[in-house]
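Chain lettering (A, B, C, D and E) follows the sequence in which the chains are written, and residue indices restart at 1 in each chain.
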């Protein structure tokens, strides 16, 4: 009989280690792991079940977006930004379009600004529902919350498909506005979806918020202090869960966000439960923004007529544009040398920088908590590895 | 946040640091401040801790490769087959590698201050001070610049390759990086890709 | 057939065992001549999320786990003893119940001692 | 077993079949995919298992995390050169009979990221692929359509004779070499046992090329 | 009291379960092969070449101007310009593509080729059942496979096709009066086809 499995190498139980202290078990929650939301790897050394050391390892989805962008025209890189954070393609487009507009000084017409806000807030809705679903999946509630979340996501993806043509890769924004105007009947359909959303949120909260198991497993887990969050450059819902009032829609007031009344939810413990609750509350705020934006959507041009679609050459110089993407501050830093191709195309990935403090949050907790803490950070590998 | 008063204040607070304002010709008007590597940490510490500045959030750290102007054009159009050992040697180190820091203040909510640091040349062992001790958000981004550009950051706690595998020896985001050629099946090869395919078939 | 003969039980036993064994035998026969077994280095190596598994899993770990396992084992065995008692419960008088009560209380007392020694609480 | 007799019998509720049909019927209706999402296509793969597109109707909704219990590897997303050895090792660790669906442009040929220095130009350089799904990302219905194509392929497999599938054939390898990390690229860049690309005739003249596949 | 939250959650799932018997919108599953999702008009998958009139190769609108080949981000289009010329819809002599290939295994269906094409020669198709077992033959689409009729274009994208036809008809009308005589049959051919649009 051939050897079914090689005998484990000679056990290293040397007598010297017999003074009762435990040895560390090196295990890697590797690239292919149900809890890592993609190809993300963590080398964890465990003392029994508690985490002693955690080293995140990236690069398994490094698709060289920035090198490819250096050989593409400015328009050619737009569909590539869909594939950065492949849950929210429209906010990626908006960040890229915004930084090119600051680089070239393009003015965006009114209607296009409203369309941008409407589609971006719809993206935020579907991203946060998916996150809540995946977080519950990580916690063991496999199936039910994710089914509810994806049922709502499909409705929003139908809206994107009838507007831009693709479910996930919308490629919707151009420098100076949007690519295509609303088809007939789209606005009514969108209004019904947005009107039905708060009822779904109540259903979702009734299903999850009071759940004792959820509270027992997430409250007090992965606490992130305010100072460490700021110093480590954490942005987005994770930062606001630690109580820092920093939301680019209110700070930078990019686009026309200053015209809408909405509040910024802030957490005070900074643990996994707060991050989940922040995202649920942010969904309610996004619904408010959507209602206001769809109510006073003006008529008019959807694209600035002066900017050329093809052979677009901004003047030499550099610009850094950033927006509040559902994951955090997504920024594009473009250096142009006057040719149709950007000289340097840099993406500021919120997911990667939010992972800086993953080890600080996970030390001392056991392996099951590491899975939930990673789930609450909400990373998407396309954006982390670019 | 105009740069002139900030420059004067920094020169007064951090003696001997050579500051220079790099103007940005594009309409975004985001001018930047070139600081010399020796006083980088001191300037950064001051920017973060000064009461009225409070730049406690380093949003973005970017590496840019500026080969010397003459060879930048040449690097792009240079035909792969010609061997240019002599030219290769000196033009590889001409020019400089640059690291750009975008700083914001979460407390005071005011706009970007952009710091730039430049290395002496583009060789393989170029050093710059790491600002991880001031802002922890620069940790992974500096490791990425080390991985893709080859800038060694002194004082970085854990300078390893972050995106490429550890046995990899090149720095792929540099302008003169030559890709390994595996172009067996390129049915729609034209211009740039066509040249690489022909090189592959020529071998 | 004598009322207390064991023949029906044996037939039922054979039926049950046969019901379990025949699919396994068929599968084994099928594997032997239809699908060849192809073991290899990678297929037999330890699966660690796609990586080459380094290090060793036979390490000394916290004694707390061992104590937890032992205490669980005690109560597992106790349930095995309770099983016959539970099935014939109706035919018992007070004496048998008291005996079983003493048996259960003895084990509960062991559990109380372990709890008081803080073995079960996890830092 | 002529069809007439079989359909006649099935009208009376009697199912007549032979061993091969039973074997293929059993295997094609419970294909367990490996939980193996790489990039954007993985989200469409998850969406295809969710309420609306419900892959459970084809018996394929059980996504096994470990390769030991999976018999279909859906390569959904971009395979980078850093991930390629892991993909091939996972394929090797899957028990026979195993199938591979190469989902999305990136898994077939590197897709839009083909010119990247760290992107493998298609997984069929290292492991044999059964079904290719073009699209970036392909819709969930396209994945279900590919799963039906795979089921048709399994159904048509012969148990004996020389056209029998890989797992019933002793001399077909069930493992493929795992590439190593080199200083500049993976070594070997592709696996000649599996990768047979047609030579694309590129006329060496500079301008017009008559690339005929 | 402990457990109330879980009970509330269970009532939620129970309401969904019972509700699915009464309210049809709770049953969201689309039984894919038999029952198809309602066709969304703007949906796009892979490009195709539009041709007018009966003959596919003669009616191609594409004049092989190489704009889409240059603008395509993943560079998956390749065109060989023909040596001779053929009259296009407005009667002007134009080149036509001797060979027009799209590598569908690289295309990212971003429709930039449609956006930059000045002749409305390439549009996005909606067909997605394209899984194959052979990558090298089935995923490199030659001109023959790409060419589809204008009627097909009207069928999948009605409003967009109508708009495109209106612009083309206007362009033909503007170009038509100069060479009035020889062009009449062609214009006639174009006119009835415009009439058929829904």
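In the analysis below, a residue touches a chain if its C-beta (ideal position, glycine included) is under 8 Å from a C-beta of that chain, and two chains touch if they have at least 3 such contacts.
Since the model is a prediction, treat every value here as computed from it, not as a measurement.
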Contacts shared by subunit D with subunit E include exactly A, B
In terms of Cα-based centroids, which chain occupies the most central position?
A
Based only on mean CA positions, could you tell me how far subunit A sits from subunit C in angstrom?
45
Separation of the C-alpha centres, subunit B versus subunit C, in whole Å, is 61
Centre-of-Cα separation between subunit D and subunit B, whole angstrom
41
Can you pull out the residues of subunit E that are in contact with at least two other chains?
28, 73, 75, 78, 101, 103, 106, 108-109, 136, 140
So which stretches of subunit C touch two or more other chains?
45, 49-51
Two or more other chains are touched by the subunit B residues 163-165, 172, 185, 187-190, 192-193
By the touch definition up top, name every chain pair that qualifies.
A-B, A-C, A-D, A-E, B-D, B-E, C-D, D-E
Tell me, which parts of subunit A touch subunit D in their complex?
30-34, 38-39, 59-65, 67-68, 71, 79-80, 83, 86-87, 146-147, 150-151, 153-154, 167-169, 381-382, 385
Within the complex, which stretch of subunit B touches subunit A?
24-28, 30, 56-60, 62, 64-65, 100, 102, 106, 109, 112, 114, 135-141, 161-165, 172-173, 192
Considering the complex alone, what residue numbers of subunit E touch subunit A?
2-6, 8-9, 11-13, 16, 28, 40-44, 67, 71-73, 108-112, 115-116, 124, 159
List of subunit C residues in touch with subunit D within their complex
34-36, 38, 40-43, 45, 47, 49-52
Which residues of subunit D touch subunit A once you look at their complex with the stated criterion?
34-40, 42-44, 46-47, 50-52, 65, 77-78, 80, 82-83, 86, 90, 106, 112-113, 115-119, 136-137, 139
